[in-house]
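Structures incoming, each one as structure tokens.
Shared chain: subunit A. Partners: subunit B in the first complex, subunit C in the second.
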Partner chain A sequence: MDARVEFPARPMRARAALAAMAFALALSACRAGSPAPIFPPGAQVLHLASLDDIPTLDPAAGYDVDSWMFEQMIFDTLIRYSDSGVDLVPDIAASWTASPDSTVFTFHLRRDVRFSNGRAVASADFKYAIERVLDPKTRSKGMEYYRGIAGAADFAAGRANSVAGIETPDPWTIVFRLSAPDPIFPHKLAMPFAAAVPREVVARYGEDFSRHVVGSGPFMLRQWIGGQRLVLVRNPDYFVKGVPRLDGVVEAIGVNEDLQWFRFETGAIDLSAIPPAVFPYVIKTSRLKALTMRIVTMTTRYLGMNCQMPPFTDVRVRRAMNYAIDKRKLVAVINGRGIPANGVLPPSLPGYDPDLRGYPYDPARARGLLENAGYPHGFTATVWLPADQTMMILAQSVQQDLALVGVQLKLKPVGFAPLLDAIRQPRTVPLFFSGWEADFPDPANFLDVLLSRAQWGANNDSWFYDPRFDALLAKAKPLADPARRFALYREAQRIAVADPPWVFLYFPVTWQIRQPWVHGLVLNPMRPARLDRVWLSPHPSPK
Partner chain B sequence: MLAYVVRRIFFGLIVLAGASLITFTIAYVVPADPAVAVAGAKADPQTLAVIRRQLGLDQPLYIQYARYVDHALHGDLGRSYIRREAVTGLILSRFPATAILAISAIALSLLLGVAAGALAAAYRDRALDNWLLVAALTLVSTPVFWLGTLLLIGGGLYLRWFPLGGFDGPLSLVLPTLTLALGSAAYYSRILHASLGEALDQDYVRTAIGKGLSRRAAILRHAMPNAILPLVTIAGLDFAGLLSGVVLTETVFNWPGLGRLAFEAVFNLDLPLIMGTVLFSAALVVAANLLVDLLYAWLDPRIELGAGRN
Partner chain C sequence: MKLKLNFMEAAGAAMVLGLAFVAIFAPLLAPHDPTRAVAASFGDPWPPSRAFPLGADQLGRDVLSRIIYGARISLIVGVAAMAITLAIGVAIGLAAGFLGGAVDSLLMRFTDVMLTMPALLLAMALVTVLHPGLLTVLLVIGLVSWTQVARVVRAEALSISRRDFVVAARALGATRTRLIIRHVAPNVMPIIVVMAALGVSGTLLLDAGLSFLTLGVPPPTPSWGRMIEESTAYFRTAPWLAIFPGLAILYAVMGFNLLGHGYLRRRRRDASNR
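Here is the complex of A and B:
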């Protein structure tokens, strides 16, 4: 066949294909995205941005900063933390009492609180919320916090229709009876897991409740487009008069740190994290520095050592590791956004021990300890760490420090889930980078959870065990008097520091920057900042 | 023709079954407990045991796989462990954004690539050809995340002509499209330059020019239709890749597409979402391959589909 015969037809086909493509493109481009809901002119709308999508808005399911930030805007708990601190203040509960032995807690509810669907909030809604968390079908990450309520185990196992230890004698009273003393139980009720949810709405939407949340908090969900944006609007019937001061909050989703910064510079968002690359510039620029906010969070970063794996079975080696690593240099590596750690408990935590000296940088002493332990030429070890850029930089700094005392580190970056899984297996991971963020402001949340014998195979990832340490924890746990309680925990912490299962690295400091027109924002050391009392002064719209 | 299409669809289904089996196996043999991914770092062993039972992770692997396939055949790809939403719904909600970006990027890269390739071939071994070669090599070597960031800083931050990322209207499409298209266009231009150069040396083109046809007409009407076939193959596969999502570009531009969804799924070890996105991407590649073959026959009637074995 003569190919030329066919040719004239093809440009036509090509043109047709191009035209079709152009049409499809134009059509699709016109439909790109969905317009954000229009707030009336002059409305007080706070614009935020985040990289990750919000995992969930269902308080029974969420257990991360992003989910909690929005859950605490949509839902109310019986009690909550004050805006800037970790003292418990009333939320829906007007008052509460605890029995002297910390086994019975009674809460009296306000009578003027309504869900945004109009129904009054009653004590039964709190009981339902906690039963929902305890129900295995919900797969809640919070179930462990409420297992101490009498009858919780029977309910979770299907042997009872309700939790016997939660009583609702009238719509405005709820009583929790615990199977053992737990003075910090009220803190567990301040977690979003225990927020009131309307049973009828959960029943209607089932697992999709997260997309149709109804709460009694200061804001209501208006729009949530996965990967794009989440929009909250003011709840006009919120029980605190004059709150919230904002008409809405718009969170752009999927915006990486650099893009957040660009948007902040153009005024398109009102609050932003500060990317490491621009942090020095921000600190040197007085105009920008004046807009920054910082807070020491209740978090500890550490290098865990497996106390069951040689050479870390020898306390001299573990002490040598602590002396060999320069924590000040580590903090410098992260732009000074941290405080060198002196022990397990961070400085913002009640019960913190300011007199604890920890391990200063002393490589000569580290070499001496290694020599005494039978490692005059050091040793080689593999350190597991989450595969993330900051962790790699920190690990390289630690690698350099340890090389000076003869310890050669091999870095093994892995995904977070595999890392977590591996460190929970006995005698598997010799060294690992990790950290812990407080769930509630009590030393038990660090010492009990991370270092007690009961947590082997769970959160005690360094497989640490000291019977004196465990005995002190057992003595401290039921005590309601903070002074006696904290004294025992301080003593326990001194044992853990003298026989260190970790290299105590640093306590992170969170920095944020706000636009000059944002007012009333306060950072909290343990929870995402609440936006109820934030307001905006007049400002130019972003171009 | 119909028999060919039916046969290809049949083999496509086998590929999909294989992809699902391999993904499922890889996902479940990695040393990580999905229950930990669901419950978070702080969960106690009791909570993990409850969640394993709830998710059916305590069942033998083959039962878990059989159940997955059964549900998948009914259009149910399961529920995301982390988001607790239907995977099918999540994928479908992200696909339009990806499709729009893929269509615009492939259209622009073909437009620029064909134009540059044709020009370079027409002016072979002359200054323009050399300049186009330098430009193409530069663009091919430029990392997408870097080019994207530069375009954002230039077009979004300083000039403020385009939005700083996001998916809000036609203007937001410009910078991510350019980011994806410039590199591909450069690559396409080099492929077309080579194949067009070869075609221009063929007797039928020389004959056409000898008979008095202009060089431009000889290139466009005689050489180009034959030279463009390799480009169709590559662009077809590229298009399938674009439809499966482009993680870096989507991340740089805050584009809510499939690539970021898949990345988040892998990062969170969200197995149902990993499986769903892989299967969906595999289906797109199979479909794109089939379409490319059909397009081949449409562009060049000398190609007879399914006749190879005779």
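Here is the complex of A and C:
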């Protein structure tokens, strides 16, 4: 999902964090005066659990893993990612074409798709969805992705009633005209922001649409008790025949990672994250290890250095930091659930550079560089980090390593939101732990967003600037040919690694465990797993 | 003067001296550097073994060495924070008890207001506002725990200042300062000693609590409370990481409590024998 990911475990949690409990059903049934159970005996119901409530189910509003997980079950986009990869496949659009200069994109819709209220899905529903995101009144975080459509600025400013660059010549055709070439535009249409929503239902509920969502996806919202549980049921009229295979999904809310594990052990939930403390045990137990699934997500964790604040203005110091920190140890501390980073781009991302060597652990070299830079006895620096137990442990590992080269690290744990605010202020945060998870499978989503001059004060939190780097990005941006595009991005990445604004820490690996009766589950490197093809073999029902 | 200790006092004193010994000679006693990774137990803590008698934590640090060094922080915080507590508490208590009247009412109502606020909550708020560090922790613990001392000292000072010898001294023309320093304060001293010995265990626990809430002395300095906090995730799989620092806290608190209660008991007996 986007973006700035909470270091270290939060984005994983939602994706991995699934589970549930049957007794929640029983419990609330008692309270409500025993209404009819939602699912008949023997129904195929997947039980999940998570700690926090789902922020929203409104596609215009959601911008986090938890929301997207359920939004993509309830809504459909024109195109989507395949279950296990980041290649675009048809969803409601049966086919699509792009103009050679990547400014016009034409999509042809299936004609057999209906919202769960019975109305046929038409091209106007997609136009409406994107206009809704662009409308400032909606306050959607997805707005930035559709500003490149011709006429979007006029619409957002209230100078036009509709976006001129979105044309719907007939109910089954939609054409997007962009004001500048953007070869990765189709990826933006695969984000839940661009999912078809029925205008009449949104008009009826307004801001409350999130609680009364109607979409065309494989599942429908049946019940959402805030802070307790979310129940989705199968959409019998879903346009893909035989899908979904489940009758429903129940997500229990307010269940932390450790509790999920207990529930998983009793068989009350079907999927679970694996808490750090039990991870070594799971790996050593072959019965459990066989039930785990792992995926390298498109995420990079890094220690950002503010290139405008001494001593990090000196490239020798920044290189020394990279040599001084033992990334293998960091990965070991998180139970091996990561790959030491060699640069900015994670290995699952198209355009990854496997030949990039990065910075091996070499404290002697770090000491030499520090001496050259005029810090023979090191220095003292303060690192800002999210106040989180795992994070504090990782920070102490870094603190241990840096002490060996004379750098005394002070830890400053702060809340996640204040941390984000602080790193956007110039010359405020000298060092910070951060991370980024891809929105699109394209190097631009890391290099442009995190390291270009245009993002100073926004996402370029290390205040890095190199004119050669920016020139390469500008050259790569309009290119549709992946080979040429990626070659330029690789060159740009080499500049950023040679003049490192970050200590490249590691690429996290998500692990999840399923019950032996859960089949057909596939993890995706960039999006929450889809559940429409999951099925359950007979199993003892939880107490 | 012959000092005869009762059993409780002797046991308490021995335990406290043991703690002080460990704290002072930590560098000689600890087998390893408490902040460095000395075991390859990353992410998978090691159980107690011959090389690491109390195990090694998830960052490869030796638990025994960390507990030994943790004694330093505990002792410094326990004693220094108690000194601050006493300084504030005794000053306010003496002033209120001896001067009486409006000063007494004002100081005691202020004390009551401070008492309404839960110490730990107040300490958390103060640490969050101030920069976390050893000095902050000392100051904050002193600032939140003086109230009990002030009340007890006030009561004692009030009763003493009405006794005949004080009245006589006053009639002889002793100044207020002289009365407080020469007559009231020395007689309040025994109760202060008891409050101090018993109070150290309270400040120790408060420090452990703050550390457990990650508001204590920041890493890499080892502290018992933080050791427990850092091992909560491993409680089921590596309970020794939490149990040993827990026992260390128990030991220190018990030592000071025995000392304080033993002394109190002796005073009572002495008083009844007199």
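FYI, the second predicted complex is superposed on the first by the 507 of 543 C-alpha atoms of A that agree within 3 Å, B and C clash if a C-alpha of one lies under 4 Å from a C-alpha of the other, contacts with A are read in each partner's own complex, and residues count from 1 in each chain.
Heads up, the rule we're going with is that contacts are C-beta pairs under 8 Å (C-beta built on N, C-alpha and C of every residue); 3 or more make two chains touch, one makes a residue touch a chain.
What you see is a predicted model, and the numbers here were worked out from it, not measured in a lab.
Of the two partner chains placed around the shared chain by superposition, subunit C is the only one that A:275 touches, whereas subunit B remains out of contact.
When the two structures are aligned on the shared chain, A:403 is found in touch with subunit C, with no touch to subunit B.
For subunit A, the partner touching the most residues, choosing from subunit B and subunit C, is B. Once the two complexes are laid over each other on the shared chain, residue contacts for A:335 go to subunit C alone; subunit B is not touched. When the two complexes are overlaid on their common chain A, residue A:256 makes contact with subunit B while staying clear of subunit C. Touched by subunit B in one complex and by subunit C in the other are residues 258 of subunit A. Of all residues in subunit B, only 30-34, 36-47, 50-51, 53-55, 79, 82-85, 90, 93-94, 96-97, 99-100, 103-104, 107, 111, 149, 152-153, 156-157, 160, 164-170, 172-173, 204, 208, 220-222, 225-226, 250-257, 260-261, 264, 267-269, 298-299, 301-302 touch subunit A in the complex they form. Residues 258, 275-281, 329, 332-336, 387, 389-390, 392-393, 395-397, 399-400, 403, 410-411, 413 of subunit A touch subunit C in their complex. Within the complex formed with subunit B, the residues of subunit A that make contact are 1, 3-4, 6-8, 10-11, 13, 18, 21-22, 24-25, 28-33, 35-36, 52-53, 55-56, 58, 61, 63-64, 136-137, 139, 141, 143-144, 147, 156, 207-208, 210-211, 225-228, 252-256, 258-259, 262-263, 265-266, 268, 415-418, 420-422, 424, 439, 449, 455, 457-459, 543.
Residue ranges on subunit C touching subunit A, taken from their complex, read 35-37, 40, 42-44, 58-60, 214, 218-220, 229-230, 232-238.
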